[in-house]
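Down below are the structures I want you to see.
In the two assemblies presented below, chain A is common to both, partnered first by chain B and then by chain C.
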Partner chain A sequence: MKHKDLSQSLPLSIVIFLMCVICLSGCRKEQEWHAFHYDSMRTSSQPKSTALSDPAKVPNLAVRWTWTAPAPGPGGNAGFRASPVVNDNIVYIGNGNGFFYALNGDTGALLWQYPSAGSPALVTQFQCNPSSYGIASSAAITDINGTDAVIFAAPDQSIGMHLGDGRLFALNAKTGAEIWKSPVIARLTGLTSGSKTEFHENIGYSAPVVFNNHVYVGIGDQCDNPIQKGRVVAVRLDTGAIDPAFSYCSTGTCGDSTRGGGVWSPVSGAGQNVYMTTGNTKSGSPTEPSPNNGLSMIKLDQNSGAIIWKFQPVPWILDGDPDWSAGATIMSTSCGKVVISTMKDGWTHALDDGPTVPGPPSRRWTFPPATIPFTPGDGTTHGDTRYMRGGAAWGDVYIAMNGGLNLTVSGVLGGYRRLHAFNVCAAEADRLRWLIDVPGTSPPNPFQRYYLGHPTVTNGIVYVGTDLGHLVVIADPSLVPAAGFRCSNPDVTNANCIASGYKFVPQPAVLKDIPLSGRMVYNEPALANGRVYIATEGNNVYMLSP
Partner chain B sequence: MKRYIVVAVGLLLSETLMVLVSPGQRPSPSPTATATQPGNKTDNSKFDEAMPLEPIERFEGRSSLKNPRLQAAGQAEIQMTLRNWTIPNRQRIDRFPQQGFLIVQVRSGEDMVTVIDGQRQKHAIDEFFTVPSGSTMSIETGDDTVVLQTLAINSGRAPAKK
Partner chain C sequence: MNIVKGRFMYFTLFAAFSAAGSQMACGSRGSATGPLPPPPPPEQLKLSDYQPQKAFVQVSPGLSTRSVFVVEPTTKDPYHVDVLDILVAPGKEAVSVPVQGAGVFEVRTGSGTVTIGQKSQDLGTGSTFSLAEGEALKIAAKADGPIALRAYVVKVP
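Take a look at the complex of A and B:
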């Protein structure tokens, strides 16, 4: 029997009503911002068209509300280093004061906080840089047994040695009630500087990712004092219990005393795999650990943690601490799935996702172009520099900090204030799509390293925060005519550009430059439901809309 | 490398004149350096066990200066050594081992202090500074690993000509 079309059996008004209900729930979800860098692939990209992706409306962007976090109590530090996530018009974010907040997306009114007022804050006793100031890790939205939940990582002095071991918390997204708390994930067993007998692990900035019915999170250290064995831990989404079947350690075996390869960055997930980047292994170690998975971009089996491939551009002998601080972005492009990230030394590496069984990855390109792996005689330096922010993916375009074509000649400082856009699938000659020195940043200063936060993008419109507290909006030249052209090598004048063997690239138009209050170098603008939510180290959360 | 040579030539002339010809005078390592004050000593607890320094050799070569006075003194021959040094965080190096007149660039690392002949100075990334020949330089690092590139210039007597 042939079924009648539903629309023929129901009055048109009911069909329209049902479609609206479906759209209000489903379409709305797609416009939210459920994770740090938007999704498990860490694309930092809002795909839905809203006013934020309309160049004609962006100039009307203005602050609609501001919420200021309470002053920190004992052991806390003011300021947001985490970034907001958004679900059902509720904004979730943790603060350096050790409290996690849920705010009304329309008004900024506080809906709930965790722990409750008067309870001990989620802070650690080992504080040496902002990665250990209260809650530095951004949250993730998920569903646990039919309940909307928000998951975040934080130090907790109620467990372990009571110094602030790192663990995961899953809360009811509507009420803030606990669903589960994981066991200790990052061990802190002492506070002795340089101790090789104590664990000084830290979850830090590694935002958890929900994927494969698990929550994955990376383990780093407390400002290399001393470096710890980098790990990725998987906990079961339904219970918060650590899954013993999944195991990844960056050096040696998980049980030996080798160190390094901290996972500072947000772990990514796509297909059947987990991806991440790792930190240094040489600091304080007289010999190279074996295996050494430090300073690498890595693809793991999602169930076992076994390495599928590893890309290690900087060998141990050149390890001057260029921790890989930006995570891996998984891009679905016209040339296939590409895994891409900028290392702390200023080079951006794009890999074909490649095999699903263990084997070497295929490098698509490196920018600035280089022979990989680097070698002691190639004139490059790989140190503790500040190309630390994730990139944003839009179609075949990747927007990120990068050292630029002058990196090895002019040093690292010039690129700290600059965004590059890359044509991921193009030929080498057309790799660079545009570049811009972002306005609203401090003048170059050798004693200052942080100028830009993590960029995000929606349909070609790029949003980024700056060290001077500006939110800057930039339009891809395919949407708005470029403000001008400049030489692809930023050190070369336009007059000498072609003769020097370089080409002109667009300098995109700035659609809006809004001064806010507080540095935004750790933060990303969350682009949800046609609104920008961004937090600052000035202790404020802002909502802006056109 | 090219910029090192340019910097080196200029600095070398003044250095050779001041150090080799007038050994009683030495240039200040930096015009903004400040003398170490009593009570301003470093806290030993800030530093870990010393790690061995293992530089990466980038270049080594000899050259001759066309300076009649130096040639007459048999000091026209110089040796240049370019090295990269990676110094872990929380280290104190009491005596930096590279000898000679040094041109140093901080390639990475936020938190580095040198004490050159008692003068204490914080250095920034990409900064160049010099260390006179015969001076003592100690280095302290904080929370960052530091990468230095040094160009050492030493005088070397040219082989005797028959």
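Take a look at the complex of A and C:
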């Protein structure tokens, strides 16, 4: 009887063993950093508790290795504008020199590069700002027919007009061998400045997202020379072929000559939908295109690209080029699914995700508070300013650059060095959770526009890079007592705060401020397996751990 | 029947321990968080060392101002131009705003009421109004928040 029990239990044990393996595998994947901003919802949040989320261990954070990319060849530029992704302890990142690298996560040793050394770099002949320097788009990790794969976007002079059309590459994550290369996605058909007969499309910073067995990526332009028609393209994950069933264009019809609404930001995916934000349409155009989906946060059907809703806070008449550069973060909160992003003009907008059927979006709040849409004469301005970085989501808290309560009075400059944390679901009076002028940044300067990179968060511990090459770690005041309290309006002294009608909010504690080499204003710290991986414009990739 | 029950219990317990073990092995998920508790009372409040670059200075209860830009008169242009920001706290009473000259005002944020002499006008973001030299100016902010204005004041000394 006993023997019989054991034999009957054997298959059960195998099932349990397999369950454990699957469980551990899933948990290991979750601890890694598989996409720009962590996941398809672009939460920029590592949900697993590790040493990086332990305030007692963070002060021990130190550089464990540094890897420097080779100097650029012809057509290349030094520096990393992309951010690392991490899978199976391998770090993947593209460089301005036009090469894509896989590094050993433990040692920083180069495992492989693409293209191979001596091959032509992935660079474009139309170079006007860092979005067109080599590989500026961050990668995504996925599984293609049972093989771990890494997907990234880059210009490629081997196709099209041989000038550097943008396309997607899928490589075997272990070996760097090609799995597929997409057809041309961003067209570059000439180099004539200002030409309206040539295509000057660019993938730029729009990191691909893997979602719904497709890879979605946004199309912008080459530094508005001139602006192009913004698009989102979907390719099939298994083959890299463009899916003709999905179509999204920001202005008019996909075939007409209207232009604008570039998709500079990373596309997001959640539920049955794709989300993105768009750039301006007014530049160089005497009349408003119809439809005009520029300067909008948009929810699309994942299969067709049809618009479910569009939120356009800045109408065409006020379009002073406040391109929406931060993508949409999809937050799962106690008040439901919230879609949130900060526009380049400094206002952060939070929307209820709403149903999947077409209809107007429901705005939850805007900060600083404003009447939306903005209207001529309302005292607001919406220009080409620099609130461009994505935010980080932690439970009901959203952490991001924001213009602050003094935005309309003092202008945009003061907020460039500042992070705000918002209680997404709270009442208006409790919206602002904390704010901090991040240390390790340059002093305020009216001629400087970039101070901070994209913040990331793990269980309330915030990581952000700065223009002076510092990695700064900040603790939510629920975890570590605040350094002190300050007035919610940055222009009002503490002594005058309450009397002026504002309130005190915490200034969170800085747990660590580590100087590295090179600006980190385009980059995000990837928080994987208890380690921080971050790249800089100084051409270095760093691994830090407590 | 008992044997089947026993096996089921064994399986359930083993699966539960396995799941818990694997969670411990890779770290737990942090919990979401709501708003922070309110700040402590003023006497216990530890203030940060943050100092605004161009702070508003309180000139009377409920009224703060700051100078943005000043043009001194010259023999060629005998005008003194003072660009200043005005911040009025929310409250029931309108505050007197001393202005040295004639001015043009623009509401930058908030809403309230302006009274010039005996005339009153509602204000909202983007509203503008003017003031002749020597007129008395009073501004009230609505109860829900302060009102901030930018003033361009001109005077011939």
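Note that in this section the second predicted complex is superposed on the first by the 522 of 546 C-alpha atoms of A that agree within 3 Å, B and C clash if a C-alpha of one lies under 4 Å from a C-alpha of the other, contacts with A are read in each partner's own complex, and residues count from 1 in each chain.
As a working rule, a contact is a pair of C-beta atoms (placed from the backbone, for glycine too) under 8 Å apart; a residue touches a chain by one contact, two chains touch by 3 or more.
From a predicted model like this one, the values you see are computed outputs, not experimental measurements.
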Checklist entry - With the two structures laid over each other on chain A, which partner does A:377 touch: chain B (first), chain C (second), both, or neither? => result both
Next on the checklist: Just to be sure I read the superposition right, which of the two partners does A:282 touch: chain B = first, chain C = second, or both, or neither?
Outcome noted: first
Checklist entry - After lining up the shared chain so the two structures overlap, which partner does A:317 touch, if you call chain B first and chain C second: first, second, both or neither? => result first
Checklist entry - Given the superposition on chain A, which partner contacts more residues in chain A: chain B or chain C? => result C
Next on the checklist: With both complexes superposed on chain A, which partner does A:223 reach: first (chain B), second (chain C), both or neither?
Outcome noted: first
Next on the checklist: With both complexes superposed on chain A, which partner does A:496 reach: first (chain B), second (chain C), both or neither?
Outcome noted: second
Checklist entry - So, A:129: does it touch chain B (first), chain C (second), both, or neither? => result first
Checklist entry - Who does A:446 touch here: chain B (first), chain C (second), both, or neither? => result first
Checklist entry - A:193 contacts which: chain B (first), chain C (second), both, neither? => result first
Checklist entry - Once the complexes are superposed, what residues of chain A are shared between the chain B interface and the chain C interface? => result 377, 379
Item to check | List of chain A residues in touch with chain B within their complex | outcome: 128-129, 193-194, 223-226, 280, 282-284, 286, 317-322, 345, 376-377, 379, 381-385, 411-413, 446-447, 449
Item to check | Touching residues (chain side chain A, partner chain C) in the complex | outcome: 5, 8-9, 12, 16, 19-20, 23-24, 27-28, 30-31, 47-50, 53, 333-334, 368, 370-371, 375, 377-380, 394-397, 405, 408-410, 414, 423, 425-426, 430, 433-434, 437, 444, 458-460, 476-478, 482-486, 490-494, 496, 498-507
Checklist outcome for this item: Counting only contacts in the complex, chain C reaches chain A at residues 3, 7, 10-11, 14-15, 18-19, 21-23, 25-36, 39, 42, 45-58, 61-62, 64, 66, 85, 87, 89-91, 106-109, 125-127, 141, 145-146, 148, 150
Checklist outcome for this item: Residue set of chain B touching chain A in the complex reads 1, 45-49, 51-52, 56-58, 84, 86, 88-90, 107-110, 124-127, 143-147, 149
